[in-house]
Every structure is written in C-alpha cells, then in structure tokens.
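Structure incoming, see below.
Each chain gets a letter, A, B, C and D, in the order it is written, and its residues are counted from 1.
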Amino acid sequence: MPVPAPNLYPDFNTIRLSHVCLNVKDLAASRTFYTEIIGLQITDESESHVYLRAMEERGHHCIILQKSDQPGTVEVMGFKTFDEADLDRAEAYFKGKGRPTSWVERPFQGRTLLTSDNMGIPLEFYHKMDRLAPIHQKYALYRGVKPLRIDHFNCFSHDVDASVDFYSDFGFRVTEYTEDDDSKKLWAAWMHRKGGVHDMAFTNGTGPRMHHVAFWVPTPLNIIDLLDLMATTGYVDNIERGPGRHGISNAFFLYVLDPDGHRIEIYCSDYQTVDPDLEPIKWDLQDPQRQTLWGAAAPESWFKHGTPFVGVDQKVSEIKASPIIAP
Amino acid sequence: MPVPAPNLYPDFNTIRLSHVCLNVKDLAASRTFYTEIIGLQITDESESHVYLRAMEERGHHCIILQKSDQPGTVEVMGFKTFDEADLDRAEAYFKGKGRPTSWVERPFQGRTLLTSDNMGIPLEFYHKMDRLAPIHQKYALYRGVKPLRIDHFNCFSHDVDASVDFYSDFGFRVTEYTEDDDSKKLWAAWMHRKGGVHDMAFTNGTGPRMHHVAFWVPTPLNIIDLLDLMATTGYVDNIERGPGRHGISNAFFLYVLDPDGHRIEIYCSDYQTVDPDLEPIKWDLQDPQRQTLWGAAAPESWFKHGTPFVGVDQKVSEIKASPIIAP
Amino acid sequence: MPVPAPNLYPDFNTIRLSHVCLNVKDLAASRTFYTEIIGLQITDESESHVYLRAMEERGHHCIILQKSDQPGTVEVMGFKTFDEADLDRAEAYFKGKGRPTSWVERPFQGRTLLTSDNMGIPLEFYHKMDRLAPIHQKYALYRGVKPLRIDHFNCFSHDVDASVDFYSDFGFRVTEYTEDDDSKKLWAAWMHRKGGVHDMAFTNGTGPRMHHVAFWVPTPLNIIDLLDLMATTGYVDNIERGPGRHGISNAFFLYVLDPDGHRIEIYCSDYQTVDPDLEPIKWDLQDPQRQTLWGAAAPESWFKHGTPFVGVDQKVSEIKASPIIAP
Amino acid sequence: MPVPAPNLYPDFNTIRLSHVCLNVKDLAASRTFYTEIIGLQITDESESHVYLRAMEERGHHCIILQKSDQPGTVEVMGFKTFDEADLDRAEAYFKGKGRPTSWVERPFQGRTLLTSDNMGIPLEFYHKMDRLAPIHQKYALYRGVKPLRIDHFNCFSHDVDASVDFYSDFGFRVTEYTEDDDSKKLWAAWMHRKGGVHDMAFTNGTGPRMHHVAFWVPTPLNIIDLLDLMATTGYVDNIERGPGRHGISNAFFLYVLDPDGHRIEIYCSDYQTVDPDLEPIKWDLQDPQRQTLWGAAAPESWFKHGTPFVGVDQKVSEIKASPIIAP
C-alpha cells in the first residue's frame, strides 16, 4: 500500500493549519513586503513583532513576523483544534508519541500546546484565537495580490514515509502523492484536514525545513498582478518560479521569496476533498507534468532551498533522484 | 438570540450536500442544456434518467434528470454522511423527530435512507456512491461555464426559524442571516456542513419549494462566457438575474432557469468556514446591498418563482415584506 | 442607403478623440473620484483645474476637471490631428460649413482650433500636446479600475442622421448603427477614426448633450473590481448600469456617474476596424439584445440623462420610440 | 539617431498585416491544431489548402495552410492596402527599390502584388479580399484560446538596421527597439501600421526567417486555458515559452509550435499607437526585463529556431551577443 489508510477517527480533531511565525532580520522591510506586495493586513505590531491576517480571515493572525538574530528560520507552525478538549487530548497524544509538550503563552491566542512532530518541526495547537470583524468586503483595503487566506504549509522531510505516517495517525488525509518506483518510497505527499488539497505537504530532501507557506487568491489574474508589481518595484529577483499549473493539486501557482528567503506560494484552483473515501491520486516520479502540467522545469533553487526550523537539526534524505525530475 | 447556537456534536455526521433529482418534461432538451450550456458530464443515461457530474467530482452524480409527468418538480435532495454507521444514527434521529424513514434502492449509491425535513422536503442520505476516475485535468472535456462542483441548495420556507432550528439540530451551522427587525423572525439563513458559506439556505416564502441549486465555477469570466453562450444560442430568456455580487456570502453570481424552470445558480468567490467558532454575519432586511452589493434590484420572479417538491404541500409565510427589499 | 458611405479622403486627418473638459462643482470631490475610484493619474493641478491621463497615454491629458459655476456641463471635446497642416485645413473646412472657428490658447497643447459641430457641440482640434514619459509599466501606480486610455464619446443628438452626415463628411466611419424601421431614420450610430468601434457615437434624444465618455480597461475583472470598490466606499448610488455586454460593439460595459452626474463608461472587448471596406453592422430597434446581449433592460435614467454642453441650446428629437427598447 | 524618423507620408498606404501562408507536411494534423487547439475557423478547404480566420475577422483568411513537400517553410506574408490605387503605387515603389514584382492570382483575394523585401521575405499586397459575415458574437463557435485576430509577424534579420530602414521608408513606424550599446546597431525593433505595437518586428539572427506569427486574445485567462488544453491533449512538447509578460510591448505572451515547427504567439495587453508623434521606447540589450518583465529567461530554442521562407537564402548576422540576454 503506497500511502497509509486515513485515520478517520483520530484522538483529537485538528480543523486546519492556522499560522506560522517567521524569524526575520529587518522587521520594517518584511512588513513592507507582506503588506504592500503580498497585501496582508496588520492586526498588531510592536518593535519585535508584526501580526498579519489575510482578507477573509477572522482569526487574529496567520503570519507572525518576529525580529530575530536568526533570520531566515521558522519559529513554529500553528494549527487550530475543533474544541478546547482537543488540546488536552492532543497533549496526551503527543506525550504518547514521545514528543515534548508544554503549555505556552501566545498573545491573542487561548491555551496553546507546544510540541513537535517526529522530525522535530515545532508545532503549536490552540482552539481560541482573538476573533476580528470581517473585512473581506472592505474592498478599499485590498492591495497586492489580494490574499484571501492562508492555505497550507509544505516542508522538506528526509523521510517522507515517516512524516506521512506521523500525520496520518492524528487524522491528516493524503490527497495526492508521488512515489519513487525504484525504492517504493514516497517522494512527496499532500495531506489535508480542512477539505482542500492540503494543510501540510512533505517533499523529499534534507529536512526538516519549511519549503513554503501558501496563500489562496481568487484568480490567476491576481497572480499576474503580483508579478507585474514585484517586477517593477525592486522585487524581480524575489520571483522564483511560475506562474504555472502543478499537475499535482491542479493549482495555478507562483513562488516568491520574502526578504529573508522564506518562500511564499500564491495559489488558486484548489479542489474540495471533504469526502472521507476520496482516493489519493498517485503520480509517477518520472512524469514531469506532475510538477508543471505545462512542462516547464522548476529552477534548481526550488528543489534545494528551504528555511530551517530554529534549533532543529536536519538529516539528509537517502533517496536520490535526478534533480531534473524531482520533486 | 437571533440564530441558534450551532450543535457542534450532532447525532450523525453529514459531510456535505451531494445531489438533487429534478423532474423534467423533455429529457433530451434538459440533457442538452446541462451538458452543452452548463457543461456537466454525463456518467450514465437511460430512456428515463440522465446522471451528471461536475468536473472535479469523483462521486457518480450531482444532478439526476428524471423524465416525469410532473415536470418542474424536485424529487429529492441528497446528502453524504461521513460513514455507514451515520446512516443508522440518522434513521434513529429522524424517527425521533417524527419524520418518515425508509431504506431505498438508488442506482450507483450504497445504502440510502429516505426521509424528509420538518417542512416535508424529501431528503436522502447515503455514505457510499460509485467513485469515478478524476477528470478535472481532462481539459478537452470542459464546456459551457466549466462547473467544478455542486455547491449548495436554497429553498423557500414559510417559517425560516423553524427550518433553521431543524437543520441546526443535526449539525448545520449558520454563516450569514437576515432578520426582520419588526417581527424579530429570520427572513433568510445560510447554513453549511462542508466548510463553505452554505450547503443549504432558506429564504422566506411559500414553501417548501426549491429556490435554486448552485454550482461552483473558477472565476467570474466563466460566468461571462456562459452569459455570452446562452445569449447567442437561444437561451437568452433563461437568464434571470445577474451577473452581480451578493452582499451576503460575497458570491459573484448568475441565476439561470433550466428548460423546466428549475433555477440554477452559477457561483464563485465563496469563503472558508471550517472554524466552529465562526460568528454568523447578520444582515438588515432594509439593506439593499445585502442582495446585490452593487445595488441593482433583483427581478420580481426571483422572489416568487421556485420549483415544488413532488407531492409536498406548501404553506404561505406569515411574514410580509416589501418585495423590493426581499428576500 | 441607411448610412452614408465613408469619406475615405477627408479634407483633414483626425486621428482620434483626445480629451474632454468637464465642468464640476467640487474640484476636490471630483479629483478623489477620478483618481481613487477610476484610477486616472494627475498630470497637473491648480485651484481651478485638474488634468488627468490614463495609464498607457503619453499625451498630457484626457480629462480636464474645471471648477465651474455651471457644474454638470461639458466645456469642450478635443480631437488630435495627424499634423499641423491638418489644423489649417480643418479651419477652412469648418468655415466652409458655416461653423464658428477661433484659435485658442490651451495649456499643454500646441495650436488649438475651437469650433463646433452642426448641433453646436464644442469641438477643439490640436496636433501637439505635451508628451509625458510612459507609466504603463509602473504597476505600483495602478489604482481603481486600471484605466488604460480614453476610448470614445457618446452624445445625444436630436437628429442622428444629420450628426452622422456631418462627421462622415470629415472622415468618421460608421461601424454599427440602429435604424428605426418606421421612419427609416437612424436611431443611433457608432463612428470611428482610430481603428476601434468608435471615437464618437450618437444616440437619438434631446440634444446635443454628452451621454458618456468611455475608458478602456484590460479585462472584465477590472470592472468587477470597480463595482466592489464603489459599492463599499460610498459610491453605490453612482453605479447606474451593468455590468453587461452590449450587442452593439460587443463591449463588456459598466456605466457610472461622477459626482456631477457626468456619465463614465468603463469598457473592454472592442474590435479592430482599420479596414476601409469594413461593412457597418445594422441592428434592429426592436431587438433588445442590441442594447444588452444578455437581455437585461437598461434603467430609464440611461435613456434620459445626459450632461449639456455649456451655453449650447438643445432640441427635442422628433422620433418617438418605446423607452423599453430605446436606444 | 537610433531609429529612423517615421516616414509619415509614404508612397502607398499599407493599413495592416493580413495573412501568412504556411507550408505544412500533414494537412489534417495542422488543420486539427489550428482549429481544435488554437480555435481558428475554417473558411475554405481543399486537398491542398485550408483557409482560416480568427473570430472577429471579416476578411476571408489570416492563415493559409498549404500542403507542401517543403514543410516548415513560409510561402508568403500578406498585407492589405487602403485602396486599389495603392497597389499600383506599391508596384512602382518596389520596382524603384529594385525588388521583383508580379501580379498573382490568389483565391478569395482581388488584385495581388507579389514582391519581396530587402532581405528577400516574400510579401504580397492586396486591397480586396472576400468579406464574410461577422461571427464574433456566435459564442458557440469559440474554441481553444479564442483568437480574435491576427496581430503581427516577427522575423529574424541578419541586419535589423537595414530591415527597419526598408520598412520605415514605406511607412512602418517604430514603437520600441533594442540597441546594442557596443556596436550601436539595432538588435530588435517593433514596427506598426495599424495602431498597435506592431504589424512587423525584426530580431537579430540568421535571416530572413519567420520567428513567429501572433494572434490577439482577450485576456490572460484564455492563454491559461490554452496551456491546460495543450498540456492534456498531447501537445505539451509544443509549448515553448511562457506564459509571461514582455518588458517590450508589455504583452502577456505564450509561444507554441505548430506541428511543422512554425511558432505561434498568443498575445494580449497591447497598447494604442496611432499618434504619429509617439516616441519609440528604447530598451537596453543588457536589461533582462526587456524580454521577460518578470525575470524568467527564455529557452535557447526561442533565440535560435525560426522557419525559413521557401526558396530564400539566409545570411548570418555579424552582431554577437550573449544568448542569455538576446534578443
């Protein structure tokens, strides 16, 4: 069996990815990038932090920019649970898996459980976050690419099978995956909780590192607007790959790099995956349309560059594959 | 309290709306409309029935066209449950509510429970439906408005409060609603299970009748393509309202009528509602932007016309409101 | 013959419409509307005037807002000639037609001939206007509906045949027209110089009055953005008609009113008309798709409201037609 | 002076590019490509020829596919003149330039003058072509990328200065150009007659060869539709470059190859150039955004591959430039 059967009755109910805290060097420069270019809205800021939300979000933040002496690293990835009791069940679950757990104070969030996954990726779970008034119809506020919501995380893992097993066990369901026919090991997998193609994806490579965090936008024209804007405001070198359509997920995509090298995907054209009996779609590692339906190759940086999790050791993957076709 | 608090732990788990069976006069004419104009794909057909799916769906059908001597009526609305056991729990639940229940044979579906809601709307629940291979990337098949998936039902109810109570009790959650300030009664409400603005909505009026069934499409340009196509292929009189943007739901919409008068909404620009603590948005019945953000009034037919459920008696609503501002 | 044969060898060469001077009450309010909402760029401003250009234009101005004690009137419509000698030939031509002519000083323009058409519409012709550096690729400047260029004027005329004859004689070519089958008189006509559907159009009605001035934008999505912006920034009542597609010209359109009631059309989907042997397309006054391909009727205001030319007497048309089908 | 001043009063009036005749190996395969994928409409066909027009064109043909034993070559490029007398003036003009001239019979065209440019590119001029009824509003006919009209030719020239001089002399006007700062020679130039960025462009390289013929489509989404269609119908290897935006011309572009290797550009986002005093925009050969505003490099094939003119000898350019930055 190429991917584990989904665990439809996990110990606790994670409803979606929620936010990520990115360590940055120059808070002002990052603030400009995420507001003027990406178009996120500031919900709070201090000398050390900027909190941002996307246009349809009513939770307080989806991106936290944190001034750091380790810029270009990721502090933590956040997930929202269905209720408060899920947090206690999650604590028991991760302890049972031998993962460290602690209850941490997070501004604008209720009780928050800090733990980490099998590879060491720092994860935090909460149920309550400050709720804000809707702004999705305040059209004068829209800027940049008009981001509607955070959509997913994608991380390098040195053992994608092990990562997929770990997340499957607490209810993440695989929607699409790539298998290496030689080793019969997973090359990459896309897993969801909220009913889209993914909340979390893993790609083979030295890991754990964040490959990217993605935002959902309404149409490809918004992505074209972003390209035009970046190309003529000094950010042309921050455009890494795209626009294009992935075979996997069918997403119309663009990848850009923020001032610290954190990769941002801008994304539309998702599909609905709420059916528990949805069959994962298998892709062949030798099929170049898997990456780009239209055939254009991704640049080498896209396969190699990622941003580390602060304080987390990395391991090299044992699977070798041609950089031309991977991942 | 204007709308009931959501029941986050219902007796059984309905994951989404699934399909509707429409009674039609001329199967060939309806087949042409739904394939050539709307762009659905035929998955099975006989002398009496045509089964159709939208482009990203892997379940066998979302629309069943049924040749009937009572054309212009709706046979049944279908919903999918999370698992098989939910069907038995659903049976017990509806019996407990005093609703009729029976197990029915439906082609291409597994065990199917037929029941009805408090107003008499025929509902069927199943867990298993034949699964088909993906076609969302077979771009040569796309026609018409490029419908990706069935999105929601909308029904007239003569007592929206009672309808909302009934569906809330088995787990539907209100996302937006309109209240009549005079009577303090609900005028309309949008309720979901799958994480979008709605799977089912109710609007004040003589009911129960189906107001419309909606399909989700990628962008407003697909809707403009549909308008151009209908306007120049003999269907201009089937265009009823739009294009426009609803204040409620923020949807970019178009309403068209099929050859039997069943109303179809073509829709994009939904938002995500998986948070169980999502606050419903209240709209004022006196606010015309509620209906059309851009200010244009809906035609009278839109407030008055609906298609009955076959064999179900209707009642007149006691709430009176100016047709200009309602619903 | 329904429309006059084009005069392919006119006395002087008008290359395109160029600009219009609008009299306004509150210069600040108009400035906000044309910059923040429509998205034009200011090229010069004083206490009495604001000069604006659209994003791909390199001529100094396409709209002049002029503070006036006769707000809601039009001062003059401007056209550009192929060369300087055309101005002298134009002077002789209009004198020969018995029209008043004078040479006027206009800021940012070279030699400018002021005259008027057979109905009294004030027209000015110039060859040289200050040329500005391109900004069409300065994407950070784009706002509002992202207007690329002024596209055309449309005026009420009490005798469309006479207006069409007058403009045909100096080289305007009819692309589409509507004839009243009873009287065999023209109801409306679209005439061009620059190779699109029109630089100037005439519609039957009390005239002369300006019906609208139009701007060309890249896609229908820009028009949807404008609707969303106007609807949520206090301008919802300034939205008059649309979005829709005209049968005539095939334009995707929106009509809005500026703070003084000057009507602005936002427009895309033109076609190329440089062929001198292009056959005009005739429309039937009884065909409602002529106005709106998709069937929706225009509001009554659209048939009746226009803005007068300052100091110019108006006459009532003798053709009567049902307001439902006209113009 | 980097580019010649435009000749505003040429000996004869060419109004626009009109059509190209492409030699192909397998007429059926080419017919499928141009109708099903590109979406052109057949206006006539025989065992040896297929005539096609785009959706808004009323002239009989813009592409002629000609079965040939020299497939992958170009037979002739066609242009339309303002009137019949222009043809005689053109004959005298080209004779005066020492070019061969002859009057040829062309189906569906009136009197047709065959000649060639200074590099040997076969050119034909006509005034009359069979006029067809409009189909631009027959939306059921639209397929593929929904091409509206032929837009321009682009050819390799071994001496761009000489080519530009030649076309300038009969009235083509340069809109944008790239100069090699070392040699002070032109690297590339875009020249128009019809009021857009170009009817004909030249690029440095072994020539003469056709680099591409371009079609204008309404929006970038049509180009994305084409990519999806080609990628999933066996044409993925025919996608050569894009989508992207050129710095030069600001065009949103895609380049694809037909079954014989003729390059087709699909294009939108042009701007208007009817002003005779429009200043050409100069680009630096070292500026990579010239080619792709968003920074992505073009593939090597794009710089090297072109299709020869049948029977015309080629010469190698003397200008050397890094393939990374050229053209």
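Going forward, a residue touches a chain if its C-beta (ideal position, glycine included) is under 8 Å from a C-beta of that chain, and two chains touch if they have at least 3 such contacts.
Because the structure is predicted, anything quoted here is derived from the model rather than measured.
Chemist: Could you tell me which chains make contact with subunit A and subunit B both?
Modeler: Chains that touch both subunit A and subunit B, as defined above, are C, D.
Chemist: Could you check which of A-D, B-D or C-D has the same interface as A-B, with more than half of the contact pairs identical by residue number?
Modeler: Going through A-D, B-D or C-D one by one, only C-D repeats the A-B interface.
Chemist: Write down the chain pair with more C-beta contact pairs when A-C is set against B-C.
Modeler: B-C
Chemist: Could you give the separation in Å between the centres of subunit B and subunit C, each centre being the mean of its C-alpha atoms?
Modeler: Their C-alpha centroids are separated by 44 Å.
Chemist: Based only on mean CA positions, could you tell me how far subunit A sits from subunit C in angstrom?
Modeler: Result: the chain centres lie 50 Å from each other.
Chemist: For subunit C, jot down the residues that touch at least 2 other chains.
Modeler: 137, 219-221, 228, 231-232, 293, in rising order.
Chemist: Any idea which subunit A residues touch subunit C in the complex?
Modeler: Touching subunit C from subunit A are residues 137-140, 219, 221, 225, 228-229, 231-233.
Chemist: Mind pulling up the subunit B residues that touch subunit C in the complex?
Modeler: 219-221, 224, 227-228, 230-232, 236-237, 239, 243, 245, 252, 289, 293-296
Chemist: Going by the contact rule set out above, which residues of subunit A touch subunit B in the complex?
Modeler: On the subunit A side, the touching residues are 8, 15-16, 56, 58-59, 80, 82-83, 127-128, 131, 134, 136-137, 148-149, 194-195, 218-221, 247, 250, 268-269, 271-272, 274-279, 281, 293.
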